[in-house]
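The following pair of complexes shares a single chain, chain A, combined with chain B in the former and chain C in the latter.
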Partner chain A sequence: MLDKKLIRFITSMTIFSVLLTHGLAESQEKLSGQEIINKSQQIFFYVGKDMKAKVLMKLISKSGKERIRELTMLRLNKGESGEQKYYMYFHRPADVREMTFMIWKYLGKNDDRWLYVPSIKLVRRIAANDKNSSFVGSDFTYEDISGREVVEDTHTLNAEEELNGKSVNVVESIPKEEKSAFYSRKVSWIDQETFLPLKEEYYDKRGDLYKIFTAGKIESVQGIATIMQRTMANVKNGHRTIVTFEEVSYNIGLREDIFSERYLRSAPRKWIK
Partner chain B sequence: MLKKLTYFSIDHPKLVIILILVLTGLFLFQFPKAHIDTDPENMLEANQSDRVFYDQVKKDFGIRDIIVLGITDENGIFQTETLGKIARITEDILKIDGVVIEDVISFTTTDNVISEGGMMQVRRIMETVPQTKEDAEAIKASIYDNPLFVEKIVSKDGDAVALYIPIQQKDMSYDISKEIESVVQKELGRGQNYYIAGLPVAEDTFGSEMFLQMGILAPLIGLVIFLLMFFLFRKASLVVSPMIVAMFSVAWGMGAMIGLGFTVHIMSSMIPIFLMPIAVLDSVHILSEFYDRYPALQDRKQTLLAVTDELFTPMFYTSITTAVGFGSLTLAAIPPVRVFGAFVAIGVMAAWLLTVTLIPASIMLIREEKLSAKVAKREKKPSLLTKLLPGVGRFAFGQSRIIVFGAAALLAVGIWGLTKIVVNDNPVNWFNEDHKIRIADRVMNHYFGGTYMAYLAIEGHQPDDIKRPEVMAYISELQKYLEERDVVGKTSSVADIVKRVERVLKGGSEAQNRIPESQDEIGQYLFLFLMSGNPNDLDNFVDYDYQKANIWVQMKRGDNRDMEKVEQAVQQFFDNNHVPEGIEIRWSGLTYINKVWQDLMVKGMLKAVLGGFLAVFILMLILFRSPGLAFISMMPLTFAIVLSYGLIGFIGKDYDMPIAVCSSLALGLSIDFAIHFIQRFRRKFQECGDLENTIGYIFQEPARAISRNAFVIIFGFLPLVFASLTPYVTVGAFFAMLMSFSTLTTLILLPALMRMVGFRFMKR
Partner chain C sequence: MIRFLRTGLLVFLFSIGISPLIAEDFDIHGFVQTNFSLRIAATGEARTFSGKPLPDYLLGDERVQLEITRFGATTQLFGKIDLFYDAVDKLADLDVREAYIDLTLGKFDIRAGRQIITWGVGDLVFINDVFPKNWVAFLSGQPLQYLKFGSDAININIFPKFVSVQIIAIPFYRADVLPRGERLLAFDPLPTIANREEVQPEMSFKNTQIAGRLYRYLGNFDFSLYFYKGFWGSPPGMILDSADNLLTFSHPRLNVYGGSLQGAFLKGVLSVEGGYYDSRDDQQGTNMGIENSQIRFLAGYQRALGENLILGLQYYGERIQDYTEYVQNLPSTFPQRKEWRHTLSLRLTQLLKYQTLRFSLFIFYSPNEKDYYVNPEVRYDLGSGVWFAAGGIFLGGEKDYTFFGQFEKNDNVYFILRYEF
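Take a look at the complex of A and B:
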């Protein structure tokens, strides 16, 4: 209990401090590994009050076969608490159209997830302790979609270098508890200007390179630098997933009541066509 | 013409020896290039349709070769301490190189989807190691609630747990299994045991033990042959040269094979042990004859010329026929068998070449006075053979009628036995009964649904065909039918996953263990499964666009006979239950592949034996220029094969790969006896014109040479009986039997036949 409170406290404090430093614009002082990751997470997972995106996921097998997932994603930040709500509506594949999925993300405890199965008109709560499990069969995990808590890893700034003509910080993250992650080590290349992760390498428990994240196209949406295409490739089994954001908009005024069982059963027409 | 080779060797012994040494060096130089191959899949041609299909199935469903680790605890595995050990063992196994981490199936790596308080829970079977008895019991309850797990990862009685460890390459099995062993040994205590099973380990272990065995057996056989020859000729300096012939022919045969880029397979690893006893045969004839003539002539050159004159033709023909016998194996559709046949044939001809050059050359290097001393001394005491053989001859001559009719009756019985032959093989049975692989095989298949994997691959005409409710229901019915077969332990498929999701979603009772009736519902269930678990769990059962599915059939026994029974039963199911439209179902998997090459082997061997038989018969026609004599000459080999294989049929020993290969061996060697017998019989008969006289002569030196050869070959192969790998044991024992039959036929039936009909075919 104490742990959870403590984690929550630390996290909100760090988020607070990050927001402060963010306000100071171009920092003159060198940021620590933890600060960089913190800032990067804010930009990557929390930017804006809310967000809507049409997402196309291509799951590509080693032999080049594809599975398509098309969904609309709505995201709402619960103030500055670090908690978030996600709503997803699946358009494709055809037989899962109208399936919806909702995540209430917390800090320091497991997320709540609900799923609506239209063919039997049933909403089920899904409890999964495991954030490392695959998201809809892709190479992204739930953690990759909604973020991993910064305090769960120890972050070290290893180097500053150039990547694709951009100055980046290279940060190494090692889980404090071996069991809490599927990786033993993660290396992130974080753009010094936008703080978006341009590349991430995940190493498995044997220390072998396992998954590689790369940010593709980056565009400015309403003045916010947004990764429009990203790829997660599993170098061990040759599987990869390409995620393309087709329409993105921020601060559209999502109401919290959308993130409820009622709307799981009947999608909010206003946001989902 | 070829005799000039021998004449040249007699005149220039040193030059010939140096030339041979250089050539042998060249062949030996190839040995370091040797590449080992123990994969039974290579028993099939690379483009054989079942093999191509299996490769496709493996690709479609991401199927890896799997090592199965079983852990047993006599007090049950669901105790806090034991569960802790399982968790630590799993953790360590994930760190072993070559293990496919994400596909390892164990309590701490595999998700269980359960329904709890109206909530769908997805979590590791064992998220954390339980600290109390109650927690351990709770884990037990949740496992037994999921039918996918029972008999797959836990035994019904809760005394055993299985970990499925997929590996990147089959040829890593042995090394990885060694590492797993050391991980497990560190943890387990009293009353706890571990077992490592699965075909890949069996096959790879066989490969590494095979070379150990060869390393021990080949020299042992060499030693035995040396002792036998020494016993027969009592002069080391004379016996050394045949031994060198034997070793050099192995070097030539193996060197040529490796040099030409062929892999050393289970089959070709046996080349040395086959070649050595065969290689000394001609030398035995030369030495035998030399001994008999030398005392009269007292001159090594003169004696050698006389021996060459007498023996060159039969030796050439016996070598050619042996080579043809092995060469007939190239008619089989199994690549390693073809390679084996071809290079034993090459080795045999190398042995012949070495015999007609090296043996005379080396005799020329022994000083005359030494020779005469040794040979003369030996002449004083007649050997056992000299005393016994004439009696055998008199008996055969006297009782010819009874012998011929008795033999015919025996042949009929043999043929009856042939009809009882059961074709069967199983790589696990290549190990001795008490080998740990055999023990693991027994224990694991007692506790679990089976360590032998076969697959039923289901293919639709278009994407999403597998999601059709009638297809899903058909899969489910087929599984139910399969599981009623006695050898099938467990089956799993995408239908099980659909049923599981249905049950968890709707909460509860077994009654709802059914397949949904709409395709959308099936599609959504599968999607839900993907959202909750490890996608690999599904990918092993359906392909990417749901056009293909795969039923895992775990069998408790891996004999090809068992596979065949299951295959027939499934065919019956297809006949009685129409396969849904647009769907095709086909067998695959390692257990099935083994069955396929076995079928090919039986047909291939039959073809090889018949082809070889015909080739040898033609050679005999050329040699004897008389169909009658050619026919008689085929008797020893006919009897050896029919009686030996008939016996196999009667005692119920499986007709497997080693047994099959022996037939070609018998083909090539049994005829040798007949050639020597008939060739020399005819010579003598044409000379003296009297049957009884001829028989009397034949049972002197010629019969002694034949018997000496039989001894060398029978006892030469016998050390194999002490091998710890059964294929070698089988070859050793079975071959001894084949050669015994053929020797007896030569010494008893041939004289009887000669008296009754044979002499008519010989012009004076």
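Take a look at the complex of A and C:
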């Protein structure tokens, strides 16, 4: 209980400080690793009050064989609590078409997850304690989709350098509890201007490089810097997943009731096309 | 009725099909599938009810499914039809799986027509879900979606702030498809009665089935209350006419009252559901041809054991309410059931190779009736819409009349190959 309160407090303070520092961005004060990751997470997972994106995932095997996942994702922030709601509707491939998937994300405890299976009109909850399992067969995990809690890792600013012509902070993140993550160490190259992660390297429990995240195309959408294409590559087996945002919009006025059983069973056409 | 529905569907498909083939709000999908199932149990001298040798194949099914949707601003038309050839019965036919119209308004939704309705939180255990089921499809290795089939119903959903309300009226009765000793061998308490027929509740206002559900989030749980007024689907009632050597399967009146909860618990998902089956035509529990009133209950727990590995455990209990009356009125030739039937189940699902390969195992085991249902399956996604699944269904038990024990001569291995578009 205390933990939860503490986490909530830290999160709201974090959001507060992010908002504050956002206003003072020009002052170029030197940030700690923790502050950089905080800010980066806010930009990456929480930007806007809500968001809608049409997402195309290409799952590519070592031999070049491609599989497709196409979905519409709706996201709503629950104020500044750090809690969020996600709704995903699958357009392709045929065997998951019309399947819908909902997450209510919390801080300090497991998320709630629901799945709707259209062929038998079944809504059911599914276990959410497998944050490191693959998201729909891709190289991204559930945690990569909705974000890992900042307080679960210790973040250290290791260097400031140039990456693809941009000034970046290089931050190393180490899980406080070894079992809580699939990686033993993560290194992030975070753009000093936008605070978006341009590259991340994940090292496995043996310390070997395991997965690499790279941000491709970055565009300004409604004035918000948005990664329109990203890749997660598994360097051990040669499999990779390229995610392209085909359409993105922020602050579209999503209502909270969209994230309910009613709309799991019957997708809101207004938002899902 | 079936003829009427088919004609209706053709008109329906025609009306949504003419102009909008070019419209963007029109969707057509479906699949082509082959599905066969081979009996592997030793059948010995066993014969089907009509005296023929048991068929080696439980299933030899080729089918095309077409699914057509037309979207409008507040309405949606949906049709799903199967054209199939059944090689065991050498029969080609058309099955209207679903055909309905959806009306979506601010605070309520209406769905009218043939529709599949699924309720409850059980894993292959249905307490408050009293909607039609095809147990022959389930036991002979058809894909899970064929366990359920559509109700011809009006389904109204209202969404006030405090609680969501669902009310379903089903004027046309569709009986469960049950093993009757032909393709699937099942226990028959009256094997010498040669003539069989099934009577369905006649279509009348009074016989309209009514089902209702109230649901909302309660803390971190999904909470539902259920009500049903209708008829026993399975097991059906039996009326014996010894003079004419005739056994009639009937559908006595049934009310069901129940509730369920599902939510996060100890890193997993906890599911609890219960229901009271009120056998309206046998309130005293003295009629041997009508199922006694019952209490049914389940508790399930699901959690991930590791990356891409999920475990589900479940207990299901069923109690005969007026057990003394049941025993006293049971004919001597009928096997006596236990007052309680306890069933445990386990489901393990492992996804591998970026979820293209799935191993699953489902087991039902009753510790007091000592019978089982075991279903291992492997499914592989070949890409480009093609997947296949192969599995086995193994059934049996100590006694040949218990819930699963009676099916011991139906052990089978099955294969499904599907191309979806």
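As a convention for this text, the second predicted complex is superposed on the first by the 272 of 273 C-alpha atoms of A that agree within 3 Å, B and C clash if a C-alpha of one lies under 4 Å from a C-alpha of the other, contacts with A are read in each partner's own complex, and residues count from 1 in each chain.
FYI, contacts are C-beta pairs under 8 Å (C-beta built on N, C-alpha and C of every residue); 3 or more make two chains touch, one makes a residue touch a chain.
Everything numeric here is computed off the predicted structure, so don't read it as measured data.
Chain B and chain C, once both complexes are superposed via chain A, clash.
When the two structures are aligned on the shared chain, A:Arg124 is found in touch with chain B and with chain C. In the superposition on chain A, A:Asp204 makes contact with chain B only, not with chain C. Of the two partner chains placed by the overlay, neither chain B nor chain C lies in contact with A:Leu56. Of the two partner chains, chain C is the only one that A:Asn110 touches; chain B does not reach it. Look at A:Val235: by the touch rule set out above, it reaches neither chain B nor chain C.
Once the two complexes are laid over each other on the shared chain, residue contacts for A:Ser266 go to chain C alone; chain B is not touched. By the touch criterion defined above, A:Ile218 lies against neither chain B nor chain C after alignment on the C-alpha atoms of chain A. By the document's definition of touching, neither partner reaches A:Ile174: not chain B, not chain C.
The clash between chain C and chain B in the overlaid arrangement falls on one stretch of those listed (276-284, 294-302, 330-338 or 402-410), that is 294-302.
Under the contact criterion defined above, the residues of chain A that touch both chain B in one complex and chain C in the other are 59, 61, 65, 67, 93, 95, 119-120, 122, 124-130, 133-134, 136-138.
The touching residues of chain A, counted against chain C in their complex, run 59, 61, 65, 67, 93-95, 97, 109-110, 112, 119-130, 132-134, 136-139, 182, 239, 257, 261-262, 266, 269. Only residues 29, 31, 71, 76, 102, 104, 109, 115-118, 121, 144-145, 147-148, 157, 159, 164, 215, 220, 222, 262-264, 267-269, 271, 302-304, 306-308, 310, 351, 354-356, 381, 383, 385, 387, 420-421 of chain C touch chain A when the two sit together in their complex.
For chain A in complex with chain B, the touching residues are 59, 61-63, 65-67, 90, 93, 95-96, 99, 101, 115, 117-120, 122, 124-130, 133-138, 204-206, 210, 236-237.
Contacts from chain B toward chain A in the complex involve residues 59, 62, 94-97, 100-102, 111, 116, 118-124, 127, 464, 467, 505-506, 516, 518-525, 527-528, 530-535, 538, 543-545.
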